[in-house]
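Take a look at these structures.
Next come two complexes built around subunit A: one with subunit B, the other with subunit C.
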Partner chain A sequence: MGKFTMGCFSSLVGSMSLDFAVKLSAAAIEKGHKVDFWVSGNGTMLSIKGQRAFKDYSALMKPVQELMGKGLTVTACEACAEARGYNKEVTMEGFKRHSMDWYLASAFDADRVLHIGGE
Partner chain B sequence: MKLAVFVSDYRLNVDTLDRLNPSKLGIILVQNGVYHATVKENGASSSLLGKNADYYVLKDDLETRGLGSSDIISNIKIINYGDIVDLIFKEYEKTAWL
Partner chain C sequence: MATTKLGFIVQRPPYKSENPKLALTHAIASQSVEVYLNDGDLVTADIAFIGDGVLNCLRNQKAMEKYGLTSTESHIKNSLLLDLNVMVCKEDLDRFGLSENDIVMDAEEFGAEITTKVVPYSEITKMMEEVNHLLFF
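Entry: the complex of A and B
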(Lines of atoms letter the chains of each structure in order from A and count residues from 1; the text may use other names and numbers.)
(Lines give C-alpha, C1' and ligand atoms only; values in the text may rest on other atoms or scores of the structure.)
Protein backbone atom coordinates (compact mmCIF):
# COMPACT_ATOMS: atom_id res chain seq x y z
CA MET A 1 0.00 0.00 0.00
CA GLY A 2 1.13 3.50 -0.68
CA LYS A 3 0.73 7.05 0.41
CA PHE A 4 -1.53 9.26 -1.68
CA THR A 5 -1.44 13.02 -1.26
CA MET A 6 -4.14 15.09 -2.85
CA GLY A 7 -4.61 18.83 -2.86
CA CYS A 8 -7.81 20.60 -3.78
CA PHE A 9 -8.18 24.34 -4.26
CA SER A 10 -11.87 24.36 -5.11
CA SER A 11 -14.82 25.57 -3.12
CA LEU A 12 -17.23 23.48 -1.11
CA VAL A 13 -20.81 24.18 -2.06
CA GLY A 14 -21.50 23.02 -5.58
CA SER A 15 -17.90 22.11 -6.21
CA MET A 16 -17.51 19.06 -8.37
CA SER A 17 -13.79 18.93 -7.67
CA LEU A 18 -14.07 18.79 -3.91
CA ASP A 19 -16.78 16.16 -4.19
CA PHE A 20 -14.52 14.16 -6.50
CA ALA A 21 -11.58 14.50 -4.14
CA VAL A 22 -13.53 13.23 -1.14
CA LYS A 23 -14.89 10.24 -3.06
CA LEU A 24 -11.43 9.40 -4.40
CA SER A 25 -10.04 9.65 -0.87
CA ALA A 26 -12.68 7.18 0.27
CA ALA A 27 -11.80 4.75 -2.51
CA ALA A 28 -8.08 4.99 -1.74
CA ILE A 29 -8.62 4.39 1.97
CA GLU A 30 -10.89 1.48 1.15
CA LYS A 31 -7.99 -0.08 -0.74
CA GLY A 32 -5.68 0.36 2.23
CA HIS A 33 -3.72 3.41 1.13
CA LYS A 34 -2.78 6.26 3.43
CA VAL A 35 -4.35 9.50 2.25
CA ASP A 36 -3.28 13.04 3.03
CA PHE A 37 -5.85 15.52 1.80
CA TRP A 38 -5.06 19.22 1.60
CA VAL A 39 -7.64 21.92 0.96
CA SER A 40 -6.65 25.41 0.04
CA GLY A 41 -8.28 28.61 -1.18
CA ASN A 42 -12.06 28.35 -1.08
CA GLY A 43 -11.68 24.62 -0.42
CA THR A 44 -11.03 25.54 3.22
CA MET A 45 -14.81 25.87 3.55
CA LEU A 46 -14.70 22.12 4.07
CA SER A 47 -13.11 22.65 7.49
CA ILE A 48 -16.02 24.52 9.03
CA LYS A 49 -18.14 22.72 11.59
CA GLY A 50 -21.91 22.84 11.62
CA GLN A 51 -22.38 22.52 7.88
CA ARG A 52 -25.99 21.92 6.97
CA ALA A 53 -26.73 19.31 4.32
CA PHE A 54 -29.21 20.35 1.68
CA LYS A 55 -30.76 17.92 -0.74
CA ASP A 56 -29.41 19.45 -3.92
CA TYR A 57 -25.98 20.53 -2.73
CA SER A 58 -22.81 18.62 -2.21
CA ALA A 59 -22.74 17.83 1.51
CA LEU A 60 -19.30 16.64 2.52
CA MET A 61 -18.96 17.21 6.25
CA LYS A 62 -20.34 13.84 7.28
CA PRO A 63 -18.36 11.82 4.70
CA VAL A 64 -15.17 13.65 5.70
CA GLN A 65 -15.78 12.97 9.38
CA GLU A 66 -16.35 9.29 8.61
CA LEU A 67 -13.16 9.18 6.56
CA MET A 68 -11.20 10.84 9.36
CA GLY A 69 -12.43 8.00 11.54
CA LYS A 70 -10.90 5.60 9.03
CA GLY A 71 -7.53 7.34 9.01
CA LEU A 72 -7.87 10.20 6.54
CA THR A 73 -5.61 13.11 7.36
CA VAL A 74 -7.23 16.30 6.15
CA THR A 75 -5.63 19.67 6.49
CA ALA A 76 -6.70 23.18 5.57
CA CYS A 77 -4.44 26.01 4.56
CA GLU A 78 -4.43 28.09 7.71
CA ALA A 79 -3.85 31.42 5.97
CA CYS A 80 -6.60 30.72 3.42
CA ALA A 81 -9.00 29.83 6.23
CA GLU A 82 -8.14 32.85 8.36
CA ALA A 83 -8.47 35.16 5.36
CA ARG A 84 -12.04 33.93 4.98
CA GLY A 85 -12.84 34.26 8.67
CA TYR A 86 -12.71 30.53 9.28
CA ASN A 87 -10.86 30.64 12.56
CA LYS A 88 -9.92 27.80 14.87
CA GLU A 89 -13.16 28.12 16.86
CA VAL A 90 -15.31 27.21 13.84
CA THR A 91 -13.08 24.39 12.60
CA MET A 92 -14.52 20.89 12.91
CA GLU A 93 -12.82 18.54 15.32
CA GLY A 94 -9.95 16.58 13.83
CA PHE A 95 -9.49 18.92 10.87
CA LYS A 96 -5.89 20.14 10.88
CA ARG A 97 -4.68 23.61 9.91
CA HIS A 98 -1.17 24.29 8.70
CA SER A 99 0.83 26.42 6.32
CA MET A 100 1.41 25.22 2.78
CA ASP A 101 4.70 23.72 3.92
CA TRP A 102 2.61 20.83 5.23
CA TYR A 103 1.23 20.11 1.77
CA LEU A 104 4.62 20.36 0.13
CA ALA A 105 6.18 18.04 2.70
CA SER A 106 3.35 15.54 2.31
CA ALA A 107 3.55 15.62 -1.48
CA PHE A 108 7.32 15.21 -1.39
CA ASP A 109 6.96 12.13 0.78
CA ALA A 110 4.03 10.58 -1.12
CA ASP A 111 4.04 7.72 -3.59
CA ARG A 112 1.43 9.45 -5.72
CA VAL A 113 0.17 13.03 -5.84
CA LEU A 114 -2.91 14.55 -7.42
CA HIS A 115 -3.15 18.32 -7.45
CA ILE A 116 -6.58 19.68 -8.35
CA GLY A 117 -6.46 23.35 -9.16
CA GLY A 118 -8.99 26.05 -8.39
CA GLU A 119 -12.07 26.87 -10.39
CA MET B 1 7.14 8.67 -17.67
CA LYS B 2 3.71 7.14 -17.38
CA LEU B 3 1.24 9.97 -17.00
CA ALA B 4 -2.46 9.96 -16.16
CA VAL B 5 -4.23 13.19 -17.09
CA PHE B 6 -7.61 13.99 -15.57
CA VAL B 7 -9.76 16.01 -17.96
CA SER B 8 -12.52 17.70 -15.95
CA ASP B 9 -14.07 20.07 -18.46
CA TYR B 10 -15.52 19.84 -21.93
CA ARG B 11 -14.30 23.19 -23.14
CA LEU B 12 -10.58 23.23 -22.67
CA ASN B 13 -7.43 24.05 -24.48
CA VAL B 14 -6.23 20.67 -25.70
CA ASP B 15 -2.90 22.27 -26.61
CA THR B 16 -1.84 21.47 -23.09
CA LEU B 17 -2.21 17.80 -23.88
CA ASP B 18 -0.32 18.26 -27.15
CA ARG B 19 2.69 19.51 -25.23
CA LEU B 20 2.85 16.39 -23.10
CA ASN B 21 5.03 13.58 -24.33
CA PRO B 22 4.94 10.74 -21.83
CA SER B 23 5.96 7.20 -22.68
CA LYS B 24 2.45 6.15 -21.70
CA LEU B 25 -0.56 8.46 -21.57
CA GLY B 26 -3.84 7.79 -19.87
CA ILE B 27 -6.73 10.23 -20.14
CA ILE B 28 -9.33 9.98 -17.40
CA LEU B 29 -12.54 11.85 -18.19
CA VAL B 30 -14.27 13.16 -15.08
CA GLN B 31 -16.88 15.79 -14.22
CA ASN B 32 -17.91 17.68 -17.38
CA GLY B 33 -14.96 16.08 -19.15
CA VAL B 34 -17.16 13.02 -19.65
CA TYR B 35 -18.84 14.88 -22.51
CA HIS B 36 -15.72 14.26 -24.58
CA ALA B 37 -16.79 10.62 -24.57
CA THR B 38 -20.38 11.27 -25.56
CA VAL B 39 -20.78 14.43 -27.66
CA LYS B 40 -20.30 14.85 -31.40
CA GLU B 41 -20.11 18.30 -32.92
CA ASN B 42 -20.79 18.63 -36.65
CA GLY B 43 -20.56 14.88 -36.87
CA ALA B 44 -17.11 14.72 -35.37
CA SER B 45 -16.02 13.30 -32.05
CA SER B 46 -13.93 15.36 -29.67
CA SER B 47 -10.39 15.92 -30.91
CA LEU B 48 -9.30 14.82 -27.49
CA LEU B 49 -10.09 11.25 -28.46
CA GLY B 50 -7.58 11.25 -31.31
CA LYS B 51 -4.51 10.94 -29.17
CA ASN B 52 -2.29 7.95 -28.61
CA ALA B 53 -3.66 7.26 -25.18
CA ASP B 54 -5.71 4.91 -23.09
CA TYR B 55 -9.09 6.46 -22.32
CA TYR B 56 -11.21 6.09 -19.23
CA VAL B 57 -14.44 7.72 -18.12
CA LEU B 58 -15.84 7.87 -14.59
CA LYS B 59 -19.13 6.02 -14.31
CA ASP B 60 -20.46 8.19 -11.49
CA ASP B 61 -20.00 11.36 -13.53
CA LEU B 62 -21.65 9.79 -16.56
CA GLU B 63 -24.66 8.72 -14.53
CA THR B 64 -24.93 12.08 -12.79
CA ARG B 65 -25.48 13.57 -16.24
CA GLY B 66 -27.99 10.93 -17.30
CA LEU B 67 -25.47 9.14 -19.50
CA GLY B 68 -24.35 5.52 -19.69
CA SER B 69 -22.38 2.98 -21.65
CA SER B 70 -24.71 3.23 -24.65
CA ASP B 71 -23.80 6.91 -24.99
CA ILE B 72 -20.08 6.32 -25.30
CA ILE B 73 -18.90 6.98 -28.84
CA SER B 74 -15.42 5.52 -28.78
CA ASN B 75 -13.32 2.82 -27.22
CA ILE B 76 -13.33 4.20 -23.71
CA LYS B 77 -13.29 2.12 -20.57
CA ILE B 78 -15.91 2.96 -17.95
CA ILE B 79 -14.38 2.96 -14.47
CA ASN B 80 -15.27 3.72 -10.87
CA TYR B 81 -13.37 5.51 -8.11
CA GLY B 82 -11.62 2.34 -7.01
CA ASP B 83 -10.38 1.80 -10.56
CA ILE B 84 -8.95 5.32 -10.57
CA VAL B 85 -7.00 4.54 -7.41
CA ASP B 86 -5.59 1.41 -9.06
CA LEU B 87 -4.68 3.34 -12.21
CA ILE B 88 -2.86 5.95 -10.15
CA PHE B 89 -0.90 3.40 -8.16
CA LYS B 90 -0.39 0.58 -10.65
CA GLU B 91 -0.50 1.96 -14.18
CA TYR B 92 0.83 5.50 -14.00
CA GLU B 93 3.62 7.29 -12.17
CA LYS B 94 2.42 10.89 -12.33
CA THR B 95 -0.90 12.67 -12.57
CA ALA B 96 -2.09 15.97 -13.96
CA TRP B 97 -5.43 17.74 -13.68
CA LEU B 98 -6.88 19.81 -16.51
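Entry: the complex of A and C
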Protein backbone atom coordinates (compact mmCIF):
# COMPACT_ATOMS: atom_id res chain seq x y z
CA MET A 1 0.00 0.00 0.00
CA GLY A 2 1.12 3.53 -0.64
CA LYS A 3 1.59 6.77 1.21
CA PHE A 4 -0.65 9.67 0.31
CA THR A 5 0.16 13.21 1.44
CA MET A 6 -2.51 15.83 1.05
CA GLY A 7 -2.44 19.52 1.86
CA CYS A 8 -5.53 21.68 2.04
CA PHE A 9 -5.57 25.45 2.58
CA SER A 10 -9.31 26.14 2.35
CA SER A 11 -11.45 27.07 5.32
CA LEU A 12 -13.89 24.75 7.07
CA VAL A 13 -16.79 27.09 6.41
CA GLY A 14 -17.14 28.89 3.10
CA SER A 15 -15.68 26.16 0.90
CA MET A 16 -16.32 22.47 0.33
CA SER A 17 -12.65 21.73 -0.29
CA LEU A 18 -12.00 20.48 3.24
CA ASP A 19 -15.09 18.27 3.02
CA PHE A 20 -13.68 16.78 -0.18
CA ALA A 21 -10.24 16.34 1.36
CA VAL A 22 -11.63 14.52 4.40
CA LYS A 23 -13.74 12.25 2.20
CA LEU A 24 -10.71 11.50 0.01
CA SER A 25 -8.66 10.71 3.12
CA ALA A 26 -11.38 8.28 4.23
CA ALA A 27 -11.39 6.56 0.84
CA ALA A 28 -7.59 6.22 0.85
CA ILE A 29 -7.52 4.83 4.40
CA GLU A 30 -10.34 2.42 3.50
CA LYS A 31 -8.09 1.08 0.72
CA GLY A 32 -5.27 0.57 3.21
CA HIS A 33 -3.07 3.53 2.30
CA LYS A 34 -1.21 5.67 4.83
CA VAL A 35 -2.54 9.23 4.75
CA ASP A 36 -0.80 12.37 5.99
CA PHE A 37 -3.15 15.33 5.92
CA TRP A 38 -1.74 18.86 6.27
CA VAL A 39 -3.86 21.96 6.80
CA SER A 40 -2.43 25.42 6.45
CA GLY A 41 -3.77 28.96 6.08
CA ASN A 42 -7.53 29.05 6.62
CA GLY A 43 -7.52 25.24 6.55
CA THR A 44 -6.30 25.28 10.14
CA MET A 45 -9.89 25.99 11.13
CA LEU A 46 -10.34 22.22 10.85
CA SER A 47 -8.20 21.74 13.96
CA ILE A 48 -10.54 23.54 16.35
CA LYS A 49 -12.47 21.44 18.82
CA GLY A 50 -16.07 22.14 19.72
CA GLN A 51 -17.35 22.49 16.17
CA ARG A 52 -21.11 22.51 16.29
CA ALA A 53 -22.81 20.53 13.56
CA PHE A 54 -25.46 22.65 11.88
CA LYS A 55 -26.98 21.40 8.67
CA ASP A 56 -26.06 24.59 6.81
CA TYR A 57 -22.33 24.48 7.61
CA SER A 58 -19.58 21.95 7.20
CA ALA A 59 -18.77 20.24 10.49
CA LEU A 60 -15.89 17.82 10.12
CA MET A 61 -14.76 17.23 13.69
CA LYS A 62 -16.53 13.90 14.03
CA PRO A 63 -15.34 12.35 10.75
CA VAL A 64 -11.80 13.61 11.37
CA GLN A 65 -11.78 12.05 14.84
CA GLU A 66 -13.06 8.78 13.40
CA LEU A 67 -10.35 8.85 10.73
CA MET A 68 -7.67 9.58 13.32
CA GLY A 69 -8.88 6.45 15.08
CA LYS A 70 -8.24 4.56 11.85
CA GLY A 71 -4.69 5.90 11.48
CA LEU A 72 -5.06 9.27 9.77
CA THR A 73 -2.24 11.66 10.64
CA VAL A 74 -3.59 15.19 10.51
CA THR A 75 -1.39 18.18 11.19
CA ALA A 76 -2.01 21.90 11.26
CA CYS A 77 0.49 24.63 10.44
CA GLU A 78 1.28 25.97 13.88
CA ALA A 79 2.03 29.54 12.76
CA CYS A 80 -1.12 29.72 10.60
CA ALA A 81 -3.21 28.45 13.52
CA GLU A 82 -1.66 30.77 16.10
CA ALA A 83 -2.12 33.77 13.77
CA ARG A 84 -5.84 33.01 13.81
CA GLY A 85 -6.01 32.54 17.57
CA TYR A 86 -6.35 28.78 17.24
CA ASN A 87 -4.01 27.96 20.08
CA LYS A 88 -3.19 24.60 21.58
CA GLU A 89 -6.01 24.85 24.12
CA VAL A 90 -8.68 24.92 21.40
CA THR A 91 -7.10 22.22 19.24
CA MET A 92 -8.92 18.90 19.10
CA GLU A 93 -7.18 15.96 20.72
CA GLY A 94 -4.92 14.04 18.38
CA PHE A 95 -4.55 16.92 15.91
CA LYS A 96 -0.82 17.62 15.52
CA ARG A 97 0.74 21.06 15.08
CA HIS A 98 4.04 21.59 13.32
CA SER A 99 5.92 24.08 11.16
CA MET A 100 5.65 24.00 7.37
CA ASP A 101 8.67 21.77 6.91
CA TRP A 102 6.59 18.88 8.30
CA TYR A 103 4.47 18.97 5.15
CA LEU A 104 7.51 18.97 2.89
CA ALA A 105 9.04 16.12 4.87
CA SER A 106 5.85 14.14 4.45
CA ALA A 107 5.95 14.83 0.71
CA PHE A 108 9.53 13.54 0.63
CA ASP A 109 8.56 9.86 0.68
CA ALA A 110 4.94 10.11 -0.43
CA ASP A 111 3.81 8.10 -3.42
CA ARG A 112 1.27 10.78 -4.27
CA VAL A 113 0.89 14.40 -3.17
CA LEU A 114 -2.37 16.27 -3.67
CA HIS A 115 -2.30 19.95 -2.86
CA ILE A 116 -5.60 21.80 -2.60
CA GLY A 117 -5.01 25.53 -2.48
CA GLY A 118 -6.99 28.06 -0.54
CA GLU A 119 -9.80 30.38 -1.48
CA MET B 1 20.46 9.46 0.18
CA ALA B 2 17.58 10.75 -1.88
CA THR B 3 16.23 14.03 -3.14
CA THR B 4 12.59 14.88 -3.67
CA LYS B 5 11.95 17.85 -5.94
CA LEU B 6 8.88 19.98 -5.34
CA GLY B 7 7.54 22.56 -7.77
CA PHE B 8 5.58 25.50 -6.37
CA ILE B 9 3.45 27.14 -9.04
CA VAL B 10 2.03 30.52 -8.09
CA GLN B 11 -0.81 31.65 -10.32
CA ARG B 12 -2.82 33.99 -8.10
CA PRO B 13 -2.22 37.72 -7.67
CA PRO B 14 -0.68 39.10 -4.49
CA TYR B 15 -2.60 40.15 -1.37
CA LYS B 16 -6.02 39.17 -2.75
CA SER B 17 -5.53 35.80 -1.08
CA GLU B 18 -2.98 34.21 1.22
CA ASN B 19 -1.94 31.69 -1.42
CA PRO B 20 1.16 33.32 -2.93
CA LYS B 21 2.65 34.05 0.47
CA LEU B 22 1.93 30.50 1.63
CA ALA B 23 3.62 29.20 -1.51
CA LEU B 24 6.76 31.13 -0.66
CA THR B 25 6.79 30.30 3.05
CA HIS B 26 6.26 26.59 2.31
CA ALA B 27 9.01 26.66 -0.34
CA ILE B 28 11.36 28.40 2.10
CA ALA B 29 10.56 25.64 4.63
CA SER B 30 12.47 23.27 2.34
CA GLN B 31 15.59 24.73 3.98
CA SER B 32 14.72 23.29 7.40
CA VAL B 33 13.09 20.02 6.38
CA GLU B 34 16.22 17.99 7.14
CA VAL B 35 15.27 17.80 10.81
CA TYR B 36 12.56 15.30 9.78
CA LEU B 37 14.70 13.34 7.27
CA ASN B 38 17.61 10.91 7.36
CA ASP B 39 21.14 12.23 6.84
CA GLY B 40 21.72 13.12 3.20
CA ASP B 41 18.06 13.20 2.22
CA LEU B 42 16.86 16.46 0.72
CA VAL B 43 13.75 18.29 -0.42
CA THR B 44 14.31 20.98 -3.05
CA ALA B 45 11.87 23.70 -4.03
CA ASP B 46 11.52 25.42 -7.39
CA ILE B 47 9.11 28.37 -7.54
CA ALA B 48 7.44 29.54 -10.74
CA PHE B 49 5.19 32.56 -11.13
CA ILE B 50 2.73 32.30 -13.98
CA GLY B 51 -0.48 34.05 -15.11
CA ASP B 52 -1.69 36.66 -12.61
CA GLY B 53 0.93 35.23 -10.26
CA VAL B 54 3.68 37.25 -11.95
CA LEU B 55 2.22 40.34 -10.25
CA ASN B 56 3.65 38.99 -6.97
CA CYS B 57 7.08 39.85 -8.30
CA LEU B 58 6.54 43.60 -8.70
CA ARG B 59 9.21 45.75 -7.08
CA ASN B 60 8.77 48.37 -4.36
CA GLN B 61 5.81 46.75 -2.61
CA LYS B 62 4.56 48.77 0.36
CA ALA B 63 3.00 46.02 2.48
CA MET B 64 5.11 46.86 5.52
CA GLU B 65 4.49 50.59 5.17
CA LYS B 66 0.73 50.32 4.56
CA TYR B 67 -0.25 47.21 6.50
CA GLY B 68 2.68 46.39 8.77
CA LEU B 69 3.13 43.08 6.94
CA THR B 70 6.14 41.44 5.37
CA SER B 71 5.76 41.95 1.64
CA THR B 72 5.63 39.19 -0.93
CA GLU B 73 8.63 40.96 -2.45
CA SER B 74 10.55 40.35 0.76
CA HIS B 75 9.66 36.65 0.71
CA ILE B 76 10.91 36.42 -2.88
CA LYS B 77 14.17 38.03 -1.82
CA ASN B 78 14.49 35.56 1.04
CA SER B 79 13.92 32.75 -1.45
CA LEU B 80 16.80 34.07 -3.55
CA LEU B 81 18.97 34.37 -0.46
CA LEU B 82 18.30 30.68 0.23
CA ASP B 83 19.25 29.78 -3.36
CA LEU B 84 15.76 28.65 -4.33
CA ASN B 85 15.16 28.59 -8.06
CA VAL B 86 12.72 31.46 -8.73
CA MET B 87 11.27 31.56 -12.24
CA VAL B 88 8.89 34.12 -13.79
CA CYS B 89 6.98 33.45 -16.99
CA LYS B 90 8.14 35.87 -19.70
CA GLU B 91 4.97 35.61 -21.79
CA ASP B 92 2.79 36.49 -18.79
CA LEU B 93 5.03 39.43 -17.89
CA ASP B 94 4.67 40.62 -21.50
CA ARG B 95 0.88 40.41 -21.25
CA PHE B 96 0.96 42.87 -18.36
CA GLY B 97 3.43 45.11 -20.18
CA LEU B 98 6.05 44.31 -17.56
CA SER B 99 9.73 43.60 -17.92
CA GLU B 100 12.69 42.66 -15.75
CA ASN B 101 12.93 46.31 -14.75
CA ASP B 102 9.57 46.09 -12.98
CA ILE B 103 10.12 42.97 -10.90
CA VAL B 104 12.34 41.64 -8.12
CA MET B 105 15.38 40.32 -9.93
CA ASP B 106 17.89 40.07 -7.10
CA ALA B 107 18.35 40.43 -3.37
CA GLU B 108 21.87 41.78 -3.18
CA GLU B 109 21.02 43.78 -0.06
CA PHE B 110 20.10 40.46 1.62
CA GLY B 111 23.35 38.89 0.45
CA ALA B 112 21.76 36.67 -2.19
CA GLU B 113 24.05 35.43 -4.92
CA ILE B 114 21.44 34.17 -7.37
CA THR B 115 18.83 36.09 -9.34
CA THR B 116 15.28 35.62 -10.52
CA LYS B 117 15.04 33.92 -13.91
CA VAL B 118 12.62 35.35 -16.46
CA VAL B 119 11.99 32.39 -18.73
CA PRO B 120 9.60 31.31 -21.48
CA TYR B 121 6.70 29.13 -20.32
CA SER B 122 8.33 26.16 -22.03
CA GLU B 123 11.09 26.25 -19.40
CA ILE B 124 8.55 26.29 -16.60
CA THR B 125 6.84 23.31 -18.22
CA LYS B 126 10.20 21.55 -18.31
CA MET B 127 10.67 22.21 -14.59
CA MET B 128 7.16 20.88 -13.91
CA GLU B 129 8.03 17.68 -15.76
CA GLU B 130 11.25 17.23 -13.81
CA VAL B 131 9.91 17.60 -10.26
CA ASN B 132 8.44 14.77 -8.23
CA HIS B 133 5.41 16.69 -7.02
CA LEU B 134 3.67 19.89 -8.08
CA LEU B 135 1.85 22.24 -5.73
CA PHE B 136 -0.39 24.90 -7.23
CA PHE B 137 -1.14 28.06 -5.32
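The rule is simple: the second predicted complex is superposed on the first by the 118 of 119 C-alpha atoms of A that agree within 3 Å, B and C clash if a C-alpha of one lies under 4 Å from a C-alpha of the other, contacts with A are read in each partner's own complex, and residues count from 1 in each chain.
By our rule, a contact is a pair of C-beta atoms (placed from the backbone, for glycine too) under 8 Å apart; a residue touches a chain by one contact, two chains touch by 3 or more.
Since this is a predicted model, take the numbers as computed values, not measurements.
Taken together in the superposed arrangement on subunit A, subunit B and subunit C fit without clashing.
In the superposition on chain A, A:A27 makes contact with subunit B only, while subunit C stays out of contact range. Seen from the Cα centre of subunit A, subunit B and subunit C lie 70° apart once the structures are superposed, a value rounded to the nearest 10.
Look at A:N42: by the touch rule set out above, it reaches subunit C but stays clear of subunit B.
When the two structures are aligned on the shared chain, A:D111 is found in touch with subunit B, with no touch to subunit C. Of the two partner chains, subunit B is the only one touched by A:S17; subunit C is not. In the superposition on chain A, A:D101 makes contact with subunit C only, not with subunit B. In the superposition on chain A, A:F9 contacts subunit C only, with no contact to subunit B. Distance between subunit B and subunit C in the overlay is 6 Å (nearest C-alpha pair, rounded to whole angstrom).
When the two complexes are laid over each other on chain A, subunit A has residues 113, 115, 117 in contact with both subunit B and subunit C. Of all the residues in subunit A, the ones that touch subunit B in their complex are 2, 4, 16-17, 20, 23-24, 26-28, 30-31, 33, 111-117. Residues 7, 9, 40-42, 80, 99-105, 107-110, 113, 115, 117-119 of subunit A are the ones touching subunit C in the complex.
Residues of subunit B that touch subunit A in their complex: 6, 8, 30-32, 60, 80-82, 84-86, 88-89, 94-95, 97.
Subunit C makes touch with subunit A in their complex at residues 2, 4, 6, 12, 17-19, 22, 25-26, 29-30, 32-33, 35-37, 41, 43, 45, 132-137.
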